[in-house]
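Take a look at the following structure, please.
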Amino acid sequence: MSVLLSILVDGVAYGMILFMISVGLSITMGLMRVINLAHGGFALIGGAIAHVLTMFFGLSFIPASVLAVMLVVAAAAPMERLLYRHIYGFDELGQVLATVGIVFLMIATVNLFLGSTILPIRSPQLFAAPVDLGFRTLPFHRLVVIAAGILVLAGLWLLIEKTRFGIYLRAAVDNKNAAASLGINTARIYLVAFCLGAGLAALGGILGAELLPVEAYYPLRYMVLFLIVVAVGGLGSVLGSFCAALGLGILDTFGRYMLPDVGTIFFFLAIIMVLALRPNGLMGRAQ
Amino acid sequence: MAQGLAINGLCTSFGGLQVARDVTVTLPPGSRTALIGPNGAGKTTFANLITGVLQPSSGTILLDGQDIAGLSEAARVRVGIAKTFQITNLFKDLTVRENLRLPMLERTGLTSRIFCRADKNQEIEAEILQLLTDFKLAPLADRRVRSLAYGQQRLVELALTLALKPKILILDEPAAGVPSTESHLVVEAIKRLPADLSVLIIEHDMQLVFDVADRIIVLVNGAVLMEGRPDEVTADPRVQELYLGGVHA
Amino acid sequence: MSELATRPSVRTAALSLGSIWPVAVVALGAGAAFFLFPYDLAFLTRIVIMMVFVLSFDLILGYAGIATLGHAAMYGCGAYAAGLVALHISPDPLLGLVFGALGGALIAWLSGLVLMRAHGMTLLMISIAVTMVLQEAASKARWLTGGADGLPGVSVSPIFGWFEFDFVGQVAFIYSVCVLVAVLVFCQLVVGSPFGLALKGIKGSPSRMRAIGTPVYRRKVTIYVLAGAIAGIAGALAAQVTGLVGIEVFNFSLSADVMVMLILGGAGRLYGAIIGTLIFMVVHHVAAAIDPFNWLFVIGAMLLVVVFALPQGLISLPDRLIRTFRRT
């Protein structure tokens, strides 16, 4: 029983990281219909900046993280305006190719300045402190990750359900042309959604560095994982991404603990099953 | 044995909404039937039931006495039911010639062949040439469909469907989206269709309907309101109510 | 108008000549490369093998419009099949190719039954997942595959019992070129056949294909199996020429590279696959040789230039230039 519970806790923490990084991808894919293979690149850049700030400039974790996320958002905005704006209009394959090109440039940039080794982020002592949950002890960091994931979910829910931006966003996801004809500035919605997604990816990259170590090839190494979360959750669905991320996080953790020999096979077979039976994802709508 | 298409007591519904109610219609060989009715009357649904895109919940569809209600879309094409799309649905990156070649190869069961050339079957090439001439498309034969005017694309759509040598041809708004300067091309093409073919035309444009149809079926809310010759239909007070009484056609 | 009227006749002429040209150009190019770069034969052989692989992907992506990111699955199965046959049954290379093709075709058929019902994003993801399953299976089934260490020392006997694989790689190169030419001829047959036209139709409009009575799903599974067999041949060639088979044959980056090479050259044309592979491999090789750490800059920039400036691939470059000149 306690084994199952600790798998659950680890799986949930892992799932929260996947959620934070993937949810922006899900929104942009649902909204702009763009297959953005470079999304993980924002997590990489966020992690790399946090690495530089904490290791070379001696900033402590929290200000470094905040600054890193802000810098990523600041970098994402001109990219959206200059590059992605045009990529939305490409066909599926053009999008794949263009965003692979972008991710290569991101990797090469990080590689040029920081090399291809793992980039550790100095985190507060407190993160490593053990917390006794009764059935096991786990580092405080896991609890921070879980709390951050819940906060992100709650924040997104409020943003999407309770604000004017959210109404516009939902309208644009639902029917872009209708939204535009109602006078909604879809270009600005795209920009904001894109920057939000990039910022969340950066946050996920920094907080998740212990589970998914940051290094130059990070966006390619985990790209498949992020895309699968989005595909299983359903494009454009925040709640779908959340459920898919948690489910896949727990499934993957379970597989690796309990079935070390065939865990990964089991994981991917499960994904094939889900997608074969529900081609639009758990919460996706028919297109 | 009854020739042509005989539809008897056809019903279907989406969720709770009944979109075809006990529709009974016959299309004998050589008939030119128009299906009219207000938006949402179930005209396209009716066409989809005949072509097998949708399955009826009850009723029979007999083609030359054979029940075809259980057949798939592809199988119904093989027994002789073909339709044109409301919005042109062609192979835009292929040439006009290739667009006609495909249905012919399919009809003759050749598209599973790998070890022969697609463009070297003399009978089919001759048939393509004939069809191109019939539709006055010969000068455009090697142009990509994408580069044609919309009216010309409608003609290709019609020729492509005819290349299947159907017994029953369903034209879903053949003149939709065609500029008025080109619509006479479509009307002429419909008038030149083979005499033994039975044609069902779904159309909003009443001028076109009167030009080509010898029989009109009026569909309202998924049920047949009336059926008769064009003059009978226009004289019917219920139809006048429907078309002149403010209900959008 | 006059420009439009003259183009079709040029196109038809090109089509009738088209059947001989690519084969002749490939044979001549390979011959020239053989004498010009005698010390780079190993690299040239790799290019030739990739060309076979990219050609197989062109059949499904370029002609039938089926976009997957898991083409390495078939390549890998072909490589393992050929490697295992060489180790346990017979070292004959041609038999290895046959089993490579069978291995690729078998996995394409099994996975294709599920994959060919999916579309878009779902298709991309399932195809990735299939490859991941195979990679994990290969890594865990140590008794059969040697796990992460790969198959130990695959070696093959002389071709037809006569041409022995040499150190410089001359025989390997010629052997690979022969396979490439055979595959190219086969692909041309497929593309020019009624079945090939049906594939183009499926790419253009699946709903219209169904409306003319084509069993679209069955046709898609068929081409997936055919392409799988050719990809299996490419994998088998790689196994025989390098003597190595490891779980890297299932790497995601291989599937992605194949897509990049094809779109770079121009999908939907066989010579697009050849040219894209050649240019990608050479640029990759040269950039990595000049600066082993920063060659990704070159590849990334190249991709962006292609999609922004040449969306139809490099193959459309001459056409574009001609049009620009005519306009001025």
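As written, the chains take the letters A, B and C, and residue 1 is the first residue of each chain.
Definition applied: a residue touches a chain if its C-beta (ideal position, glycine included) is under 8 Å from a C-beta of that chain, and two chains touch if they have at least 3 such contacts.
Note that the coordinates shown come from a computational prediction; the quantities given were computed from them, not determined experimentally.
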Distance-to-centre winner among chains (Cα means, whole assembly as reference): C
Contact-richer chain pair (by C-beta pairs counted) among A-C and B-C: A-C
Centroid-based (C-alpha) most distant chain relative to chain A: B
Distance between chain centroids, defined by C-alpha means - chain A, chain B (Å): 49
Distance between chain centroids, defined by C-alpha means - chain A, chain C (Å): 32
Approximate Å spacing (C-alpha centroids) for the pair chain B, chain C: 42
List of chain C residues in touch with chain B within their complex: 4, 8-9, 11-12, 189-190, 192-198, 200-201, 203-205, 207-215, 219, 222
Footprint of chain C on chain B - complex, ascending: 51, 73-75, 77-78, 82-83, 85, 89-95, 98, 101-103, 105-107, 110-119, 142-143, 147, 160, 164
Parts of chain A lying in touch with chain C, wherever the complex brings them together: 29, 35, 83, 86-87, 90, 92-94, 96-98, 100-105, 107-108, 111-112, 116, 220, 223-224, 227-228, 230-232, 235, 261-262, 264-265, 268-269, 271-272, 275-276, 279-281, 287
Touching residues on chain C, where the partner in the complex is chain A: 61, 67, 69, 114, 117-122, 124-126, 128-130, 132-133, 136-137, 140, 252-253, 256, 259-260, 263-264, 267, 293-294, 296-297, 299-304, 306-308, 311
